[in-house]
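The chains carry the letters A, B and C, assigned in the order they are written, with residues numbered from 1 in each.
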Amino acid sequence: MDFLSYLINGLGLGSVYAIIALGYTMVYGIAKMLNFAHGDVIMIGAYVAFFALNNFGLPLPAAVLLSIVVCTALGVTVERLAYKPLRQASSLSVLITAIGVSYFLQNAAQLLWSSSTKVFPTIIPGGGISLGNLSISYLTLITIATCVLVMICLTLFINRTKTGRAMRACSEDKGASTLMGINVNRIISITFAIGSGLAAIAAVLLCATYPSVFPTLGAMPGIKAFTAAVFGGIGSIPGAFLGGLLLGVIEIFAKAYISTQLSDAIVFAVLIIVLLIKPTGLLGKRIREKV
Amino acid sequence: MDKQKMSKFSIGNLFSRKKRGRTISFLMVIVAYVIMQTMMNTGSLSSLFSGLLVPLCCYIVAAIGLNLNVGVSGELNLGQAGFMSVGAFTAVSVSGYLAAGIPNPVIRLIISIIAGVIAAAVFGIIIGVPVLKLEGDYLAIVTLAFGQIIKSIVTNMYLGFDANGFQFSFVDNNTKLAPGGKMLLNGPMGATGTERISTFTMGAILIIISLFIVYNLMFSRSGRAIMAARDNRIAAESVGIGISKTKMLAFVISASLAGAAGALYGLNYSTLVPAKFDFNTSILILVYVVLGGLGNMTGTIIATVILVLLPELLRSMQDYRMLIYAVVLIVIMLLTNNEAVITRLKLLQKSFSKKTPGGAKNV
Amino acid sequence: MSDKRPVLDVRELGIDFGGLTAVNDFSMQVYDNEIVGLIGPNGAGKTTVFNMLTKVYQPTRGTILFDGEDTGKKSVVDMNKSGIARTFQNIRLFSQLSVLDNVKTGYHNRSAYSPLTAILRLPAYYAREREIDKNARELLKIFGLEEEAENLASNLPYGAQRRLEIARALATGPKLLLLDEPAAGMNPQETEELMDMIRLVREHFKIAILLIEHDMKLVMGICERITVLNYGMMLAEGSPEEIQANPAVIKAYLGE
């Protein structure tokens, strides 16, 4: 039964990674940029939720909603101010700018709220359901359910709505999309909005699991989720989902069966092996250069 | 080579101004060294500033190496700090072990740095083989992954020696040293009690050696091959240039220079934790390279000096300094990619140079 | 002609892309010092043939004998080393290198020395580099590019870029040169000059040339033999006069 409970815990952690990875992968798919500041949007989301719950005494749904609104606004603003002027620039320039934004958010948070750790309140009651020997906490259940819900909504949005189809068109070919009358800038803004909104949801789930809030909170989950996105094939939405879940499971298994200290190394080693076998990730497309 | 043609505005235009760029960077380093050394001797340098000199040299060497990889070879590397880590902890261990046998600090420093370079080069080869099979962002993420793995491994290494020889253990510390023994690596605590034998002079020498290696390589058959593979992979293969061998050369030299930088860095502090060489350090060095200009070594040195000193110069701003640093970074990127600014710069450049005679010649 | 051994002997060559047959049952020979044209309507698979000859794509079927030797699973690099050089339909220069350095890359294997020799600036470095520099400048002179030696390749006008690509290919010392639409984008006068240049290259370097071209004036003007490709299959082969008179070829080009 140990195996099963590790698996479920892994899926729980993986669900958080998957939600964050969706943000990375959508932005990459459409803006073709590695948004290294994504992890720090999570951090801001966590602080907003913390203050909403702790200082203003808002109920949980209101706190989550507020966090989503703030993160969405932040994501769109950052894109407008820092990334939009760099549409034509080299990808390295955009990468460095994203790193600058990441430093900015971390240091702003430190100035505003100090670097000391704040304890996130318990939002999901302890305990859980038992199936024979196996017990699953409510937290894990809610996390997995949220991730599945997000995935379903996103898939419907991408496939069934006009905006969703426009997003897919933009990720295939921006030039042709413009010719078809799609406002590419608007689509990129929407992508950042969705990605950042998801970051807020991930922030709340993350803090429910690890209840400490500090300025560099987003860094490690950010790198892990980015790894998950690449793992699944960056740019691919089902890939991010799959990559996130797998990464979570691998991490928990590595911790349980091999070594807690080496779990990060094992996660990254698995990523390297996967990329050597499938150079564009599990579900990534291979683009062949025309000679 | 005529002078007018050399002053075109383009970072990538290395060749038409290669000689000038090379001379300038060597002169710059030597002059800066002489000035700093004189100021130190006359005591007119604040202790804070003189304490920054050795790490500054380390970052410059690591950045020159990374620029060979990112700028000249065109492959994004997000794990340069990993190679610094390998160099640093190898050098610190070697120096700790040799402390009794070789009392002369200069000789020990040289031996330790060489050991650090060799270790980093070996890691470069081992990592380069899988990494260079990939392309673009996938290659970048694998260098990031290796950087994380190296950090994890070093964090879990325990190495000590006593009269009976070396003792090594991994993850859990099982070393049991006899009295008189010495721990070289202590897991997450890293290296402690290191004798500080690094000097500014050695730092300046390493910069000169790095420039010498990188420039001599760039302006040679191998350098042309590296840049050809960067500009057009398929065309490079079609003229008989083996891509993997070529990319590997740049990758391993870059790793070796990072190893040298790490070695000097490690031997400059009495304690060094593995967490020092994390993702942020890799990114920091990458920022020096990008701001300095891809493939532009003089620019790399200047950018590194400015960005290492900037937070110190902003010390009076106290809490705001890292925030300002971040804003400066973003603003520089926005300005250097702004059409209007680029046009101005180009016009400025043009006003210094006459139009080059050109036009197609018929056969 | 039939008593001579061909430089290039292609037998029943074919390639599939994911179940789709792009080229099938393609055979041709190129003899020493010959100029051969490969023509056909758009999408006939001409460039795919070039990509197989240079092993950018490994053929699915058939053999490529070069200089009497089966090229088997040789890589792009090995094909160049054994003596095939090419240009590309969409020009592929090393855009951030100077014109001179673009040509110098062609000597990568002909005037080789180790990276260590370069770093330590050993005497061999100077000897090889002098040799490379002299040869590269001579090539530039032949192609009228000596004035542009220090300019960036990407700053050259279009026609000069095409010539530079040919110069770079010749620097590798090939026995067979493949030109993929050398006259694309050129005006009639430039095309005229290009024809003279191709003839000159054949005389001066004593090599065979296989070229893909849509400009019939050029093809009929300089090629001794022509192979026509249609839908990945060989449609006809013969002298320019024979091809011009071939009803199947006329049909393929003009439709019913």
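Here is the rule we use: a residue touches a chain if its C-beta (ideal position, glycine included) is under 8 Å from a C-beta of that chain, and two chains touch if they have at least 3 such contacts.
Since the structure is predicted, the reported quantities are computational estimates derived from the model, not experimental observations.
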- Would you identify the chain whose Cα-based centre sits farthest away from the centre of chain A? C
- Message: Contact counts by the stated rule: is the higher one at B-C or A-C?
- Response: B-C
- Task: Quick one: report the Å distance separating chain A from chain B, using the average Cα coordinate of each chain.
- Result: 31
- Centre distance in Å when chain B and chain C are each reduced to the mean of their C-alpha atoms: 41
- Could you put a whole-Å number on the gap between the CA centroids of chain A and chain C? 49
- When you check chain A against every other chain, which residues touch at least two of them? 291
- Message: Touching at least two other chains at once: which residues of chain B meet that condition?
- Response: 234
- Could you list the positions in chain C whose residues touch two or more of the other chains? 56, 88
- Query: Where on chain A does chain B make contact in their complex?
  - Reply: 28, 34, 82, 85-86, 88-90, 92-97, 99-101, 103-104, 107-108, 110-111, 219, 223, 226-227, 230, 234, 259, 261-262, 264-265, 268-269, 271-272, 275-276, 279-281, 289, 291
- Task: Please name which positions on chain A make contact with chain C in the complex.
- Result: 291
- Message: Looking at the complex, which residues from chain C come into contact with chain B?
- Response: 54, 56, 75-77, 80-81, 85-86, 88, 92-98, 100-101, 104-109, 111-113, 115, 118-121, 125, 128-129, 132, 142-148, 150-152, 155-157, 159-160, 163, 168-169, 171-172, 193-194, 196-197, 200
- The chain C residues in contact with chain A across the complex are 47, 51, 56, 88
- Item | chain A-touching residues of chain B, taken from the complex the two chains share | 70, 76, 130, 133-135, 137-138, 140-142, 144-146, 148-149, 152-153, 155-156, 171, 234, 279, 283, 286-287, 290-291, 294, 319-320, 322-323, 325-327, 329-330, 333-334, 336-338
